[in-house]
Structures are given as C-alpha cells and as structure tokens.
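Quick notes on the structure that follows.
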Amino acid sequence: MWKVGIIGATGYTGLVLISTLLPHPEIKITLVTSNTYKGKKISEIFPLLKGLFEEKLVPTDENHKGKCDVYFLCLPHGSSMEMAKTLFDSKSIIIDLSADFRFEDVNVYEQTYTKHTAKKLIPNAVFGLPELYRNRIKGAKLIANPGCYPTSAILALYPLLKETLIKGDIFIDSKSGVSGAGRETKLGSMFCEVSEGFRAYNVGIHRHEPEIQKEVSKFVSMKVTFVPHLLPINRGILTTIYSKLKTFTKTKGLIKLYKEIYRDEPFIRIMEEGTYPDTHFTRFSNYCDIGIKSFDDGRVVIISAIDNLVKGASGQAVQNMNIALGIDETLALTGIPQYP
Amino acid sequence: MWKVGIIGATGYTGLVLISTLLPHPEIKITLVTSNTYKGKKISEIFPLLKGLFEEKLVPTDENHKGKCDVYFLCLPHGSSMEMAKTLFDSKSIIIDLSADFRFEDVNVYEQTYTKHTAKKLIPNAVFGLPELYRNRIKGAKLIANPGCYPTSAILALYPLLKETLIKGDIFIDSKSGVSGAGRETKLGSMFCEVSEGFRAYNVGIHRHEPEIQKEVSKFVSMKVTFVPHLLPINRGILTTIYSKLKTFTKTKGLIKLYKEIYRDEPFIRIMEEGTYPDTHFTRFSNYCDIGIKSFDDGRVVIISAIDNLVKGASGQAVQNMNIALGIDETLALTGIPQYP
Amino acid sequence: MWKVGIIGATGYTGLVLISTLLPHPEIKITLVTSNTYKGKKISEIFPLLKGLFEEKLVPTDENHKGKCDVYFLCLPHGSSMEMAKTLFDSKSIIIDLSADFRFEDVNVYEQTYTKHTAKKLIPNAVFGLPELYRNRIKGAKLIANPGCYPTSAILALYPLLKETLIKGDIFIDSKSGVSGAGRETKLGSMFCEVSEGFRAYNVGIHRHEPEIQKEVSKFVSMKVTFVPHLLPINRGILTTIYSKLKTFTKTKGLIKLYKEIYRDEPFIRIMEEGTYPDTHFTRFSNYCDIGIKSFDDGRVVIISAIDNLVKGASGQAVQNMNIALGIDETLALTGIPQYP
Amino acid sequence: MWKVGIIGATGYTGLVLISTLLPHPEIKITLVTSNTYKGKKISEIFPLLKGLFEEKLVPTDENHKGKCDVYFLCLPHGSSMEMAKTLFDSKSIIIDLSADFRFEDVNVYEQTYTKHTAKKLIPNAVFGLPELYRNRIKGAKLIANPGCYPTSAILALYPLLKETLIKGDIFIDSKSGVSGAGRETKLGSMFCEVSEGFRAYNVGIHRHEPEIQKEVSKFVSMKVTFVPHLLPINRGILTTIYSKLKTFTKTKGLIKLYKEIYRDEPFIRIMEEGTYPDTHFTRFSNYCDIGIKSFDDGRVVIISAIDNLVKGASGQAVQNMNIALGIDETLALTGIPQYP
C-alpha cells in the first residue's frame, strides 16, 4: 500500500480526493492537513464521511517531508510552491492542484499569478494531462495538475491541433459549475448571487487563458479568446469552441479522426454525429465527452463536458498518481456517471 | 380603454402578458382563450392570479373577430397564421408571438417551419423589434414578435452591423432558461433532466438561426453560427457573440458607439468597460443589457442579457402594442428587475 | 412627498425596499446608507438599478436625525437599537427590521439575543403585524417589523388562536429560501452548500421560536415547537403547522372561519378546500396564502406561504409605513406574484 | 454469477439499479426491458452509460420466465402484480419496486390503489425493509420493496415504536426531491413548475400514508398524519417527525437507544446531539441518517434523510437482493455519499 497525504484537505478538491481514494485498492490515506480545522476530525468538516473516514486533521504548516509516497497539494497558488519546495525529494510524488508548476515559461506564470519562489523545481514539473503527456508523467516526481477549464478546452482541441487543421481564431466559450470557485466564502459564490442567474466573468482576462494558450501555441500560432461563465449548478464544465478549418471536412470525418486519436484513452468518449455532451453524463466520473460539428465553409464547433472536480481536478490527479506509480491508470476511477 | 384579447392564454407567455397588462392604465383584458382549459377560470390554471384576475377561458376555436382592439396570439406556429387569417382586418392590431410572420421570404419560412397558409398577409407583417423597426410598427396591423434568441443576438450585434464594422464570421453562443421551451410537458423540460446539468442542443440547426441570419444579411454577408444551450434556470437568456472587427477599435470606443446608437432606447442599457450582463439584472424586466470587449487584433466579444419571457416575448409584445397604439411605449413596462 | 431613509441599504431587505419604494407615488428615497460601501452608488452594488436609482451611499455612522420622515433600519440586532436611540423623536417614523423591538418583555429578548441598550424605547414599539395590530400601528413612531418565520406562522395560526380552538401542542415545520440568511458571506449560504441539499437547522433553538411563542401565549398556553429548514431556493417560506382542535370542525368550516376573520385583509388569501399554497404563487408579492385541512379526530394541518423578503420583511415594512403615515395601505404593494 | 433482469429499465429506478449493479462482483445484468424503447440500446436512453453498458432493450411484454435468478420489477402498480404472476416460481427472486405487494391486508391495498389481481401471491410477499424484516427476507421469493417516504419515516420511528415510548399523535412532515415522481412527463415535474418553488401536495391523502400507518399500527394505535412536500432538488428525502413521549427522556438517552437498536445496521447512521441530517450527506448512498431531539415536556422531533432513489428505492432493492441471495448485504452498496 502506498501512503498518500492530502495537504489542504478541507476544500472540495480535498473531499473529492478522499472519496475517490478511499476505495482505491493500492493506496491508503495516511495524512490529511488543514490549518483552519487542525485537531478536528475530517468527518466533522464533511459529515458525509461519518463512519467512513474519521482521520484527524494535522496542521498544514508542520513538516510532512518523508511521511508519504504521494502528496496531493490542494493549496492556493503561492503556498503550493512553498510546500513543494519543502516536500520535494527523489522518492515521493508531488501532485500539485494549483497553477504553480503549470507553466514552463516562468514569465508567463509571473505575469498571470505572482512571483515564483521555487523556480528551480520548474524543470522537474510535468503538465499532468495524461492524454498529451502520459509518457512524461510516468516516473515524474512533480506533476502540475491542469486547470479545469484548460482540461476541457485542450482535450476538445487537441486532435485538430495535432493535425494542424485549424486556420481561424479560436473562440472558447466555457461554462462552469460553482464548485470551480472553491469552498472559501465569497459573495459571488453565495446561493442567492448565483441561483437563477447566469453571467460571464473575467472576459479575456481569466488566468486559465494563458494556460490554454501555451498548449495551443505548441501547435499553431492562433490566439485563443476565452470567456468563462458561471453556471448555477454544483459541478460540471461545458466548453463550446468555435473556429475555422483550413479545409472543409465533414462532421463524420472529424468524428473518425477524434475516435482514432483518442482510441486508447480510457476516459475520453466521442459522441456520435448529431449528439452533444451534457454535463449530466460526465458528472461524478472522470470522463470527458466530446461532440463535433462542421459546416461546409469550414466553420467548426467542438463541445466538451467534464466534471470540474473529477477530470477537471481530483480525478485527473488520481489518474496522474496511478500513471506515476506505474499501476493501472483507471484504478478508483471507474465510477459510473450519476444522474439525476 | 383598449380591449385586449390573449389567444392561447395558458402558457408562460400568456401568463406574463396577463401580469404585465393587468396594471396597464389604458387597456383592459377582455378575452382569454384556451381549448384545453375552456370553461375554467384562468386563476384555476395559475393560482397566483387568485383574487387578481378571475376571467373565464373561452375556447380558442370560437370566432373572436371584432371583439378586441388588440390580439396577442400565443399559439404554436401554423395555428397562429390560421388565427391571423380569421382575425385580420383594418381595425384591430394582431401581435403574433409565433414565428409565422417573422420572415419576409416565405421560402425561408417554409424550409425552417412548415407550409405557409396565409401568404397574403405576409406583406402586412412588420418584424416587431422596436429598436430597428419602430417607425414601421407605428400603425402596423400585424406585428411579428421576434424570437427570444434573435432579440438577444440582433440587439447585441446591431450597432456593429449598422456601421458595417465586422469582417469575420459571427459565432453566437446563447444560453436560455427553461421557460423558453414553453409549458407543454416534454421529457427535456423535466426538472431532473435539466437541473444540475447543462447542454447544447440543435447545434447549427435551431430555427432561430435563419431568423438571426435574415437580419444580419440585411447589413453584411457573413454567416452566423448559432449554438443554443439549456440553462437550469427559469428565465433569462445570455448571449455571447464572437467576431472580428474590420479595424481595431478600443472597447471604450465601441461602448461609446453603442451608447450613441441606443441613446433614446428606453430598454437598452450599455454596461461600462469591464462589466458584463448577468441575467439576474434583467430578470422580470423589459431591459436588454449589453457589454462589449475588443482585443487589439480586432477580435470582439459582445454579451447581452434579457428575460426571455419579457423582452424576449411578452414584454416586447406589449412594447409593440404601445407603439402600434401610439401611446407611451413604456406603459406597464417600467417594472424594476428583481433578484434574488 | 414623504422623505424616506434606508439605513443599511446594501443587503437583500434594503434592495427590496428600494425596488418596492421607487414606484411609490407618495414617497421619495432621499437617503441610503452603508458603512462598507459608502461613497459608491447603490447601482454599483446592485447593477440591476442602473439607470433607475443611482443615489450615492452615505456612511451609516453619520448622524441622520431629522433628515427623513421615515427610516427603515436594515441593521443587525444590537446596532439597530443604537440607531433607534439616535433617530427617535416625535416626528419621524422608525421601522426596524431587526429583532430589537419585537419583544415587550425585555428578559425574553435578552435571553434570546443580547443585552438591550435602549430599554426606554420599548414601550413606544409596536409589533408590526398589521393583521393583528393595525390600530396600534396607525400613528406609531417605532414599529418592530416581525421576523419572516413568525409572520408565516402567526398568520397561519391566528384565527384558531383568536377563537381558542386549539388544544394540542403546536408543531411548526417551516422551510425558508436562502435569502432569509441575508447577504453576508457565510459557508452555510454558499451555493454548493445549499443547492441539491435540504436540512433542518437550529432545531428547537431558533431565535424566531420565542417570537412566535410570545404571540401564541397571548391566546393559549400551548408550547410551540419550531423547526426551520433551509430550502434551495432564493425566496419563499412555506410553513406547515400541525396541532389538534378542541372539537372537530370540518375543513370547510375552518376555511369559512379563516375567510371571515381575514375578510378585509388585502394581503391574505385563503385557499379553497383541497388546495394548498405554493411559494411560487406568493413570490415577489406581499401576499400570504393559507390552506387548511382537518381530520375527524381533530388533527389539523395549516399551511402558509409568503415571500420572506416581501411579506416576511420589506413588503410588510412598507405596509407598516403606509399604515403609520395614514395613506392607502396597499400603495406600492400591488405587485402581482411572478412565476416561473 | 447470478443473472439479473430489470423489468422496466428506462425510469430513474431502472437507471440507478443498472449503475449500482454494474460493479457488483457476483451478479450480471442479462436482461433489460422496455415496451416504449424496445430495440434501442439502453445507452441511447441514458447516454451516460455509453461505453459502460450497451445492452439492447427487449419488450417488457415478452415472456421472461426462467431467464434470470433475480428480477427487479420497475413497473407501475397494477402492471407489476401481473408481471409477478407470470414470473413467480420456486427458483427466482422477484423484487417488486411498486406498491403491489406491500400490504398484507388486501383491503387496504385496494382502497388505496386498485383491484388486486394476484391475491394468491400476497402470502409469499415480504415487506423488504431489512432493518425490520431481515430474517424473513432471507430466502424470500417475492419481496415488496418499501416506498421511499415510508422507508424514511419508519426507520426514523422504529426505535420509539419498538420500545412503545410514544403517546401522542405522530405528525410526519416529509420533503422529497423530484425524482420521486419518476421519469414520465407530467406538468408538476416540469422544471419551471418546481424550481424556485415549494409546496405540499396530497395532504393527508398520499398513498404512502397507509403504508406508514400499517407498520406503525403493529406497535401502537396512534394515527399518523403524513404531509409530503416537493423539494426543488433531484434526489433526497428529509422527513421531520413530531410526536410526544410517554415519559420524558433526554436527547442523549434517545440517541443511545437509537444507536443500540441500530448497532449492527450497515446503512443507518445516528447523528450526535445537536446535529441533524442533510440530504447532501446521504446523496448517492444507501445510508439513512437520523437525528433526534426531545423537549422536557416530552415533545420529540426525529429527522431522517435518505436518497430516495437509493435507500428509498434501488439501493434498498439491491440490499434485499443481497440478503435474499445469502451474500454480503453491502455488496455494491458501499458507495460514498457525494457532494457538492
């Protein structure tokens, strides 16, 4: 059994890590931390864990080096790189759910977030999107788990990028459930400020835009326009992407291409012609569903759905852990989507 | 007092017409019809009207010609044109909330909907979007109330179209609350099929796309791509539009242009730079809020919000009635948006 | 025009006061205050007011004595009594939406809330439930606007209490929308902590229980048991009350009694036999709908619905203002319930 | 591997049976039926099953006798007893999710539902509430799976009934998510008729009242009053029960009693003093959480939460299957509750 620590366990990504990992046959959660709730049992914070997992929370700020084989960092950016500096060694695997190690180019990181205080670790970091970087994740010691929006956008675009089929601007219209904003109290996440409403936010200035752009730029020179919106649901991201193909390809052909490129991927499902994803159908699962339609002048629409807390965060983190440990990539991730 | 009839009064547009018109100082609802519920009081169908409006429903299929000064037709397409044939004369005003008279070109209508059986009336019809066609609405006898999505999209695009500032494709990503699907029972509108989910539907094949296209085509030759999505809220449409400007104009300049063009419009509000519409802030009102942002390579994002049942349907219908009757355009439409 | 001030205008009760009072023909809002947002325009806090009401917020902590004819206090308990001490005089009317002046017996207040620092004012205060205390509200200078739950419970019970028909314990099962918890950020009001869930809270220890009890005790000696629950909706309270009648009376008879007792009340609607309230049908209105059913062994169920922000707070406050000013009690309160 | 058939597989209980049973290590779903969708793959009806379970639906009306070891009947009452007549034999186990075999007394059934056409089978039927009837479920060939509301109410009351501690009337105030109404289209289950509203329905005349009453009557003579309400959530029942104890017992003592009586139950969790269930914390799991509070004059409040589709339907059905087959009762039911 591998020993696993969850650093900052009392947010939604922490909770989903716990409920995903509890039935995992090859690991054991031996450490859960929180500064705010230290000393309490995690089941006091999340009563749904009553009788299932009653581990006591220890302070995040203690030294946890060497205690675990795998550490999941569920901390704010900034704090996360500091924690990584403390924990990093040649033995354990660090999977960071913050943005701190997602950028190869530290300048882009610093323009987007804050001063980077662990630059030496950057070369060790792998961008943890298994569908693109599985080989590098194997054996990695520091894995930067991608953002939720970037996961949904990059997986939707990747086959077109890989085959350099796109020529026009890339407009990414994403809609996310509220859990994407985390569990800290803020006015914009209050029930009455969200329910029965819908709005765009951070138009053209969201921090996930550079994260998407850096991956797109590895293939093509187009600018992406990213507009996130807040959905009055708990979980789920639906991303609708608009662009133009170099040469017209029928929808059928594009679907064939997507199925081909993703044929060995356990968590990607390509929809049949005329059907499109619904966040309902990926909810509580690690799936990313993708639908496509092209128009005869080359316009193309790609739609993807994920659960932002699973494939967009904790599920993908466990997938990365499985790959890095060299065990079956799907362990503990075979949960069936749930609705209603 | 003008006498008003609501033909097909037991759907959501009927209900919103009733609650909008009840406090109207210059009209009186003298006729409400329903084949399904004939003989019942409207307050039995909508108990919220108890004590406020207890009119009895008469059959839609009776002959109502000459009874009213204004008729609102809240019928399915097809039925609506038949009713219009029956009611049309030189005295009364017919405001049709269906699609039957929205298309000048009957071929487009017939490709999109069904065979048109009242072609002779088409030349009498005016597309009831006051911000574009106010002068023609004055004195009109047959007003085709626009679709909810087209209202949100055309009002967002109009200033750019009018000034022919656009050169790229126009991608229209719309999200609508469930009331847009009406009050007939259908699986896709059931609570459990909608709540906590989000999906695109009728991608590139929605009937409102030709309605938007026909207005856009009066100004520019670009193709519009229209993707509607179903929001788990009761009311509200948010439309996010992506395109490219011929020459870069700063956001500030675009906002100034929009304010200029819409300066006398009582129901259009242009947001300040960096702020964007929320369906919350137009809910239960006849407002259309619009926000804009441009990027230095000419990419542009325009976002509009309306209440689909008010500015997207019954509110706009009352606005059209006021204009057609030559009375104050804002009568009964000064309701303040409501949230939470 | 009477001059009205809203002290603490940036919460939900402040917002609903503003949107209720703006169309009021005999008053003008001349003062809105906030310490947190002082200097900003109220329309920056609530963008739905853009173009409708752009008054600047002045600090709550300034001296506002003598500026207005009517003051609405939308402050936390404790702060409210301090403000009342400052503002109270023989000319202006103070309507306090906090609990500070709801209890004739200061001991009950202090056991339930906190030390009372304005005891001298208590004899001036009237409990602002017009259906019970209209005559005392006329001419009152200090009106304690009732709590939302007590309004729904007392109005449902009043006819049975007045006629002393009850003999059993009174079990009050209330369910409230989230806006009842106000607009301050707190974990329990976050979207993800509420949506798709349902829970009881403060079972038997909620502060509104003594407020209900004190009114009930004026008529009978029974103990009330009050269990509030949190509904995943924005607005609305539904209260279901269980008790036992001294002697069996048919449902029809009870309905007749309720209609009789409330026959002149503009905002009470008694449902017909076999139909029961839905929060939908009172939403955005000042109505309280009541349904009743009795069983042949004397068990009785009474169900009431209100909009917690209207009849449960700001609407009732305006009703109290109208009564106290001696103007038409329904002015600005004739809004029709809105759904969907 | 036991062979399992799901008769009527395209409703919500069918879907939850499928997703619960797919990972079950000792059974295999070999038959899924539907008259409406026969010939289609179940994954066309529920796209979330794409790639996971693609079985073709065969007509319900074919003869399925002898094909399976276990049959789950997810049919309307009336149809269910007819199907049971066809399938019943000495080898296979029938688990009926309808009400057809829940009543020992056929008269009560017939007063509540319809004429019973399979009376001979009634003596074979066991009421499938494992916490009360586990021993009789072992080896049963016909199991009547309890209703969702009765499950929540009876489990909450059972310890007090068993120890005959109650003397007063029993008032049961239940609130259920919309999935309890099934997947057939009906106006009352439409999104816009439910969302942002809350109402009681079938007050004192709901069919689950006699089902609760018959269990209660086995212990005490009190009448139960049952008032169900419709919650705007997908899943979950919260039941709040009010009654009076013969002699006052402190909350602590009651909690101890409940823990004692349910100490070996894998799916019952008793909350600590001062904490109460939230449907969030049982969602997607087979748990029933129970909280209790007593007052010093003997009044008592008991609150229970279940997922209506799991412990209230399909999960309990699988629990019954496991017991009847003599395998580990918790197989496939160890899923952790999920939120947000």
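Remarks
When the chains are written out, they are named A, B, C and D in that same order, and each has its own residue count from 1.
Just so it is clear, a residue touches a chain if its C-beta (ideal position, glycine included) is under 8 Å from a C-beta of that chain, and two chains touch if they have at least 3 such contacts.
Given the structure is predicted, the values throughout are model-derived calculations rather than measurements.
Distances between chain centres, each the mean of the C-alpha atoms, put B farthest from chain D.
Counting C-beta pairs in contact across C-D and across A-C gives the higher total for C-D.
Chain B and chain C, compared by their mean Cα positions, are separated by 36 Å. Here the spacing of chain C and chain D, counted between their Cα centres, is 39 Å.
As a whole-number value, the distance joining the C-alpha centres of chain A and chain C reads 45 Å. Looking at chain D, residues 12, 178-179, 192-193, 195-196, 232-235, 278, 280, 283, 339-340 sit in touch with two or more other chains.
Chain contact summary for the complex, chain A toward chain D: residues 12, 15, 19, 22-23, 47-52, 178-179, 195-196, 234-235, 269, 271, 275, 278, 280-285, 289, 309, 334, 336-340. Those residues of chain B whose C-beta lies close enough to touch chain D in the complex are 12, 178-179, 183, 185-187, 189-196, 232-234.
Across the complex, chain A meets chain B through its residues 168-169, 171, 173, 175, 192-193, 195-201, 203-204, 223, 225, 227, 229, 231-236, 238, 240, 242, 244, 276-280, 283, 291, 293, 295, 297, 299, 301, 303, 305, 339-340.
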